[in-house]
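One chain, subunit A, links the two complexes that follow: it is found with subunit B in the first and with subunit C in the second.
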Partner chain A sequence: MRIALIGNPSVGKSLIFNQLTGLGVEVSNYPGTTVELQRGNTCFQREIIEIVDLPGVYSLEGNSEEEDLVRRFLEQEDVDAVVVVASATRLERNLYLLLQVAEYGLPMVVVLNMVDEAAKQGLDIDPGPLHDLLGVEVILTAASKGLNIDRIIPAALAASRPAKVEIPYDHHIEAAIRSLGKMFGVDRKESLRALQGFGENPELLEAARTIADEIESRHRMTVAQIIAANRHNFARRLAELTVREQHPPPGADPDSILTRFIPGMPILIAVLVGMLLSVFVVGSFLEEMIVEFFEVYAVQPFLALGLHPLLEELGVSVLIALQAGLGIALPYVFLFYVIISILEDSGYMTRAAFLADNVMHRLGMHGGAVIPLTLAFGCNVPAIMSIRLLRSRRERIIASFLVTMVPCSARTVIIAGIVAGFVGLAAAFSVYAIVFILIILTGLILSRVMPGERFGMIMEMVPLRRPEPRLVMKKAWSRLSEFLFIAMPLLLLGSVVLGLLEFFGIMTVFEGIVEPYTMGLLGLPGYSATALIFGILRKEMAFETLAILAGTADLGAVLSSLQLYVFAVVTVLFVPCLATVTVLLREVGSRITLAVTVYTVTLGLLIGGFIHHLFS
Partner chain B sequence: MEFNSADHTRTTTLESLDPGCRSRIIGIRAFGPLRKRMLAMGMVPGAEVEVIWAAPLGDPVEYRVKGYCLSLRRAEARLIEVLVEVR
Partner chain C sequence: MLPSTVEDYLEAILEITEKSGRPATLEEIAAALKTGKETASSTIAALVEEGYLERMGGDAVRLTEKGAALASKTARKHTVLLCFLTEMLGVDTDSASREACTLEHGISDDTIERLSTYMGGDLPLPGRTRRRRGRETVTLLDCNEGDTARVALMRGQGGGHRRLLDLGIFPGEIVEVRRKLPNNSVVVRVKGCDIAISPEIAGSIFVESCP
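Our next item is the complex of A and B:
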């Protein structure tokens, strides 16, 4: 038995999914996409029922990854019943998708969620007309209060009939459906899809195309537009039957505060700066504590055991990876996910995207990119994880390049420790200036050359609501565990490989080989290359390793100001840290991760070399 | 822009309307994925649209359609033909 939850974005599908399945959520990547399907099991009357949470879509006929996935899912997997989740507060628009799903002819249950919010807005919801017209069960729920959630599974199990709806289309479309049906023996749904260019049979598509062209020339409107308009009209009639407005919604509109220049912009800046400050202060405080704790209670006792050198190297590599992973994961990832979940659940995220879109658009992205880019100043890891908020793959790829270039707090340590400490404050700021200019140039170039679909900035402004602490913590926790279970193993592996390279003296050989190049290109001694490589593990380690290899913490005594400056610039631009690479792999795939890595290494070496040759 | 004096309406594009203005969509001139997205979000011929206001830097603009709010960039709103009443 398999049940699928389908609906518009932010109608409460995931919340219902979590309540139906309890814990034990399994995340799986659907082949060929980065969009996720969540699958979970529940037991009802000793039968195991699989529940699938499909990504939110507005239609089944679009070209986005999500729509593709949902369409393929409905066509290819055997689903016993679909549960269409709709928001009672935006019923008219939600019914458009519902009608499309109904035309698919699968057994169906309708869930009208958020009735609590609808009641607050003075909307009176009557499930009767929908039930009569569609001939399926209609359940009113408030998922955040758990209201009527227990009725969903029994209704889905009992659902055996598809909805019986027939949308009245324009008479030209109806005539086309009839003649395609006669010619090819296809049903209504298939004829409609063929008229819009979907389907497998080339002859059917050819015939449908001819008819569609004729209708288009007569109506001066495409078939897709006519069909969409007919469906929306029908949806409006259904919505009018279902929703009664009892009293007009309250007057004061918080959006007039949040999306106006004053005070909208100051609020946005305050939110972004607040986000950063909390990571700099709370995050780095916690990180230091965890790192210190590990050092004292794990690394040193382990070293005191005096094991065989190879075992010791392996053990230390594992410990360092754990230290880096937990040091980043616990404070930064968790903290940021708490913040992101609050921004998402409150609905502020869409307001931030609305305000920042103008600037982000110039860099080739959606306004929503303001969040990952700001987060990146704290730590690139959660920033990369949050590029999922962007709707198209094109924007996610651009964002992944830009985010990895943003100087995170660890890179700030390098800039502060090496440049500000030994060269000067102005020089430290100039490093930031160089990086910002490169980010803007990269964005401008990528936005021009990147292929891929553009969906523009068509964004639903979701209603503002008070986030529930319990739900926020749950969401943050599930994202944290995702990082721990998926990124940590890769981090461990990388660390062990680096440790072994070091142990077998491959690093020393490597230093000998690269010395002529680092000297020639960057004017840096061979051991700085080792420091750069260790910087991949954790950015600050480039600093620590350099000091160890140079034999003194007073770097100014052994390296010139120019050398230190060049080293810092290269480290800051150089490959993102291993933790970032592991999340990149997960979010954008190996090809893009490789591209980002090659690009940042090249950029670091080029800019470093340029500075070296300019000033020496 | 066309002015029709017989029924006091004129046709124009959505992007040229001021905040507070109401209009009825008569056609979508976008193509491909963009048009599909617009149609799915309720920007269809016959739908009533109200302009709410523009973001601080002039772009994007927030609209109300089908009982909810959505934002569109001006370049996208320019592709939507509307009919407005002239007082």
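Our next item is the complex of A and C:
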């Protein structure tokens, strides 16, 4: 038994999914796509029921990856019932998707969620007419209060009929559906899709194109526009029967503050800066605690065992890796994701994207790019994953360059640990300034030279609401575990390899070879090159490695301020870490990944060399 | 030569050769197309030149592979339209057939017009309104915060962006401009939802008028 949840973005679908399923939710990429699909199980009357949470979409006929996935899922997967989740507060627009799903002829249950919010807005919802017209069960729910959620599974199990509703299309479209049906034996849904240019059969598509041209020459609208208008108008009629506005909604509108240029822009900047500051302050406090804890309760007792030197070296390497991994992952990454999840769930993220649209445009992307770029401050890995938000390849390529240059939390550790710690706070901020200027310059140049069409932003401003703490934590936790899953094995491996190389004296040989070059170009001792190379595994390892190789945690005693500063700048700009390279490969392909890597290495060495020669 | 003329000749020749099983003569072609022999002769010469036809001795011609492909495509188009019109008008096949034939020219002319406009890089729709309405076109960018306007036309690839249609912005719909930033990014309210739109997309949405 398999049930699929389908609905518009931000209708409370995830919340319902989380309430229906217990633990053991599996997040996977749908075959051949980069879109995530959540699957979970629940038990009802001794039967195991699989519940699939499909990504939020506005339509089944768009060309985004999500829409394509949902469409393929409904066509190919064996689904016993679909649960269409619609928001009672924006019913008309939600019914548009529902009507498209109904055309797939699968057994269906309709969930009108957020009835509590609708009541607050003075909307009176009557499920009766919708139930009569569609002939399927209609459940009113309030997921944030858990109201009626328990009725969904029994209703889905009992659902045996598809919705019986049929959208009355324009008479030209209806004639086209009949013609294609007679000529090719295709059903209503396939005919409609063929008229809009979707389908596999070339003969059907050619015939549909001929008819579509004919229809378009008689209307002032394209076939897609006519079909969309028919569906929207029918949805409006259904919505009018279902929703009655009792009294006008209250006047307060937070968007009158948030999306106006003033004070919207200062608020946006304050939010971004506040986010970074709180991550740094709380994060470094927690990091110190965790590192200290490890030092006292793991590293010291282990050293006290007095094992064979090789074993001791290996053990310490593993412990240091765990210490670094947990010290970074828990405080910085987790905290960061909590904040990002709050911004996302509250709906502020879309306001930020709207305000940033113009700035992002200059950098060759649309406003949505503010999301990957902000995420990148936490970790480049999820940021690169989120460049799928951008629709054109051109934007995705520009974003992949810029995102990998953004100082992530690991690089912040280097800036904070090396520059702020040993050189000074002003110097630390100047590293940020250098990086930001380079990012802006790169964006300006790329937006000029990159070929390809520019796409603009079309984005729904999701309603502002209070984020659900449980959902925020769950989201943050799942992203954290994804991070640990990618980073931890690499970190362990890298640390052990470093330990072994060090133990057998290979590092010393390597350092001897590169010393003249690093000295000449950057004014840095040979072992700093080793640290840089290990920084590729995980950025903050450059810092740890430098401390280990220098033989002291008090770096200021062995290296000059300029050397530390140059080291930090080079590390921050140098190659993206291995985990970032892995996701880059998946998102933009090997050629762009190579270009990004070469660009960042060159930039790092050039800027580092420039600073060294300017100030020495 | 107009694409529609090419299609008409090739389709006629296909019909003749299929019926008789031998190359079509000038006389047959001219009769099928109800045109003078001289006109037909020069058109056929041009079609031979373009590689659609090959001469088979005397004044007889046969379709080349390229010509046959285009002829059968035209014939298919013809059948599809015939069927579509039958369904649409609910008339018997005979009168629908006549309708389809005149119609084919109708489309072709329109296709040419559209083709030429497309090739000129400009899309036909806004131009058409300008003619029809006889006044300056207005886009969402010309509206101010708080204005309500009815969408008239949307330009862009395939009649505007698909996402706009799915979010409820289509010709005939009434939208309210909720916010307009100094850089011309706008937020419109449609169907109770706020949609943020970049300046260049807002500029492709034509509205009837802004109050």
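Simple rule for what comes next: the second predicted complex is superposed on the first by the 421 of 616 C-alpha atoms of A that agree within 3 Å, B and C clash if a C-alpha of one lies under 4 Å from a C-alpha of the other, contacts with A are read in each partner's own complex, and residues count from 1 in each chain.
In this text, a residue touches a chain if its C-beta (ideal position, glycine included) is under 8 Å from a C-beta of that chain, and two chains touch if they have at least 3 such contacts.
Please read these numbers as outputs of a predicted model, since none were measured by experiment.
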Clash or fit (per the criteria above) of subunit B with subunit C on subunit A: clash
Which superposed partner A:R151 touches (first subunit B, second subunit C, both, neither): neither
Contacts of A:R388 with subunit B and subunit C, given as first, second, both or neither: neither
Partner chain(s) touched by A:K182 [first = subunit B, second = subunit C, both, neither]: second
Partner chain(s) touched by A:R39 [first = subunit B, second = subunit C, both, neither]: neither
Which superposed partner A:H131 touches (first subunit B, second subunit C, both, neither): neither
Partner chain(s) touched by A:R90 [first = subunit B, second = subunit C, both, neither]: both
Partner chain(s) touched by A:K474 [first = subunit B, second = subunit C, both, neither]: neither
Clash-bearing segment of subunit C, relative to subunit B, as chosen among 56-64, 92-100 or 164-172: 164-172
Where subunit A meets both subunit C and subunit B, residue numbers: 58-59, 61-64, 90, 92-93, 96, 220-221, 224-225, 228-229, 232, 236, 255, 259-261, 350, 354-355, 357-358, 361, 367, 454, 456-461
Sites on subunit A touched by subunit C in the complex: 58-59, 61-64, 89-90, 92-93, 96, 171-172, 175-176, 178-179, 182-183, 197, 203, 206-207, 210-211, 213-214, 217, 220-222, 224-225, 228-229, 232, 236, 255, 259-261, 350, 353-355, 357-358, 361, 366-367, 454, 456-461
Partner subunit A, residues of subunit B touching it in the complex: 27-28, 32-42, 44-47, 52-53, 55-60, 62, 66-73, 75-76
In the complex with subunit A, residue positions of subunit C that touch it: 73, 76-77, 80-81, 83-84, 86-88, 103, 106-107, 110-111, 125, 128, 153-154, 158-168, 170-173, 178-179, 181-183, 185, 187, 191-201
Interfacial residue positions of subunit A with respect to subunit B in the complex: 57-59, 61-64, 90-93, 96-97, 220-221, 224-226, 228-229, 232-233, 236, 239, 255, 259-261, 264-265, 350, 354-355, 357-359, 361, 367, 453-461
